[in-house]
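In order of appearance the chains are A, B, C and D, and numbering begins at 1 in each one.
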Amino acid sequence: MRAITVPASGTALLLIDVINDLAFQGSQGLVAQAEAMAGRLAALKRRARAAGVPTIYINDNFGQWRSDFRQTVAHCTSRSSPGRRVSQRLRPTARDYFVLKPRHSGFYDTTLDTLLDTLRIRRVILTGIAGNICVLFTANDAYMRDLKLFAPADCIVSNTPAENDHALRQIATVLKGNVTASTRLTFRRRQGAAK
Amino acid sequence: MRAITVPASGTALLLIDVINDLAFQGSQGLVAQAEAMAGRLAALKRRARAAGVPTIYINDNFGQWRSDFRQTVAHCTSRSSPGRRVSQRLRPTARDYFVLKPRHSGFYDTTLDTLLDTLRIRRVILTGIAGNICVLFTANDAYMRDLKLFAPADCIVSNTPAENDHALRQIATVLKGNVTASTRLTFRRRQGAAK
Amino acid sequence: MRAITVPASGTALLLIDVINDLAFQGSQGLVAQAEAMAGRLAALKRRARAAGVPTIYINDNFGQWRSDFRQTVAHCTSRSSPGRRVSQRLRPTARDYFVLKPRHSGFYDTTLDTLLDTLRIRRVILTGIAGNICVLFTANDAYMRDLKLFAPADCIVSNTPAENDHALRQIATVLKGNVTASTRLTFRRRQGAAK
Amino acid sequence: MRAITVPASGTALLLIDVINDLAFQGSQGLVAQAEAMAGRLAALKRRARAAGVPTIYINDNFGQWRSDFRQTVAHCTSRSSPGRRVSQRLRPTARDYFVLKPRHSGFYDTTLDTLLDTLRIRRVILTGIAGNICVLFTANDAYMRDLKLFAPADCIVSNTPAENDHALRQIATVLKGNVTASTRLTFRRRQGAAK
């Protein structure tokens, strides 16, 4: 797979459901994959930041309609959370944006449309959990809005590698997304971006 | 105007843009009206709570896409905020729900639809600021979704009393809303509600 | 009121619920006003067409989910329809676009957003029936989408002149719309428009 | 696969993009599959009608924003249309509903939400073309709206059988849909349905 360069201007990095307690029956396999992914995704986020690409956390509220994202982060990074290492590694900072999603797609009944318009985003880099559910649903909706999709294959995980592969194939063929791995993706710096 | 009784079950109290710095040129008149309203609205909220009616804050993010509602509350209740007395009086508690809105209507690109469905709400009590803008826009959208509207006349304020009166008349005639004052509105207790 | 010139490029003329049987109790007053308006609106539509401005009919389906717009036109122009003269005068042609709306706002659960994007519209000229209901609801939603609004005062009618005046004032003040009469509105020709 | 019985009340049959000219490079394989499917789907539609289950055509407008569905049917059943046999076999009648969709999902910027609410639908039977694109996008959106999904495997076709199989597996596993073939699906008659 060839290396690609993505213009920083007009691009956003989306982290989908990475702040996650992964507390469900039989989550061990997914936890292991997600932990392996977290380091690569953290590195991609650092490079995005250096290039002036905004990061948007799109995260389930896990039915906790009264809590804010800070409480979700506290819950998911707590000792009892199987997802604590992933959530700690990818903990948001004050520079990041976040969008609460009540269903699977990041666009369904959320402010994401308005935020992307405000930031003048035309390209999204989709990452996170699970590739064949929330990432794919969000990808479909992004495609219908004429956004250009990137879905780095090494920053997306699903319950099984087979499900992940199929989701990536769907994104590549039907949604015309680029699935080049994050290690081969570099940003063309936005003018005047913080070093 | 006659007294009315609203069933607690299926009803939600909406507080629109009450957490507000009211920091705009010429806001003195609105600040004075909002301060007079805040006591009545706080009393209505207490009675709603006693009857088991959930309170939902629907609030502008004032362009601060990175902050959460807690930071908005801190900003609006700070010493330099003209809206500090209103915001303090109506400060949310851990029991309240909140929905961030990026535009005027509480339904536009927000999770409000999903939250109302989850809580099985069929009636909304609309209160807040400003009656002829965000309250009216939200009322229109609630009406199109077949929700029954209550808009207590003494819990809604606008820049001028004339604008407020007209908004209330629009809600009463076009949207078939009930504009009985909060002092004449009582709740029929939900079974098993906390005392 | 001063004359204004509107660039044809990026502008659309919206005709809201003008194909209408006006068959409700007490519609005589509205029918009379609408008939007086129909000639002015037909003239505006002709000038829009000459300048290359597309016309979009945004029309209620009157609960007839199985019929298409052609059948609605046939019904509203039939002998028994109180709105027949208005509907005949403003009958759509094969060049016009149309959007079926199930509720009051032209944007609610319709394809209007997508159509305006496809035509690259940034300005809308709102006309039709009734000024304080469907026209105003559509205006609110257009304003939240950052469209620039024109609402020619002589091409919008409501049940009563007082309701119409108030709706126009709301559009002018809250929505920052321009309510210059159609007779004072001219188009700056789109390059290459059909003569 | 076991036979299933679906209650007619609360159920709708959705025909997605079956009125289709199938006029694209390399469509021969899809045309052959769609023609084989059309007879089974026509039979399912007849049985739905007999049981009182409404049929809703959800159809692309093929970029023809000015035409109505009648013109789309005329175009797709014309002599030059590769999809003419499929479109003729499944030609809508005056009893059927139709929803124009501008993008892939039947729910995106359309009146489908409102129509399903009006008809009080809680279950949808998804059929049509193509299984891994418009049918799957619509299925995802139906699932997020808490509708129960049926996707009869013999009434859905895609460019390749492998793509179709995968879409059906996604519907069965992620969306918890029932993919029992139409030949094993019977309706429990709605009370008072026309014979």
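The rule we apply is simple: a residue touches a chain if its C-beta (ideal position, glycine included) is under 8 Å from a C-beta of that chain, and two chains touch if they have at least 3 such contacts.
This one's a predicted model, so the numbers in the text were calculated from it and none came from an experiment.
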{"item": "When subunit B is superposed on subunit D by its C-alpha atoms, the rotation angle in degrees, nearest 5", "value": "180"}
{"item": "Whole-Å gap between the CA centroids of subunit A and subunit C", "value": "42"}
{"item": "Rounded Å distance, subunit B centre to subunit C centre (Cα mean)", "value": "32"}
{"item": "Residue numbers of subunit C (touch at least two other chains)", "value": "103, 108"}
{"item": "Chain-chain contacts as defined at top", "value": "A-B, A-D, B-C, C-D"}
{"item": "Of subunit D, residues touching subunit A in the complex", "value": "103-105, 108, 132-133, 137, 140-141, 143-144, 166, 170, 174"}
{"item": "Interfacial residue positions of subunit A with respect to subunit B in the complex", "value": "65-66, 68-70, 94-98, 100-103, 108-115, 118"}
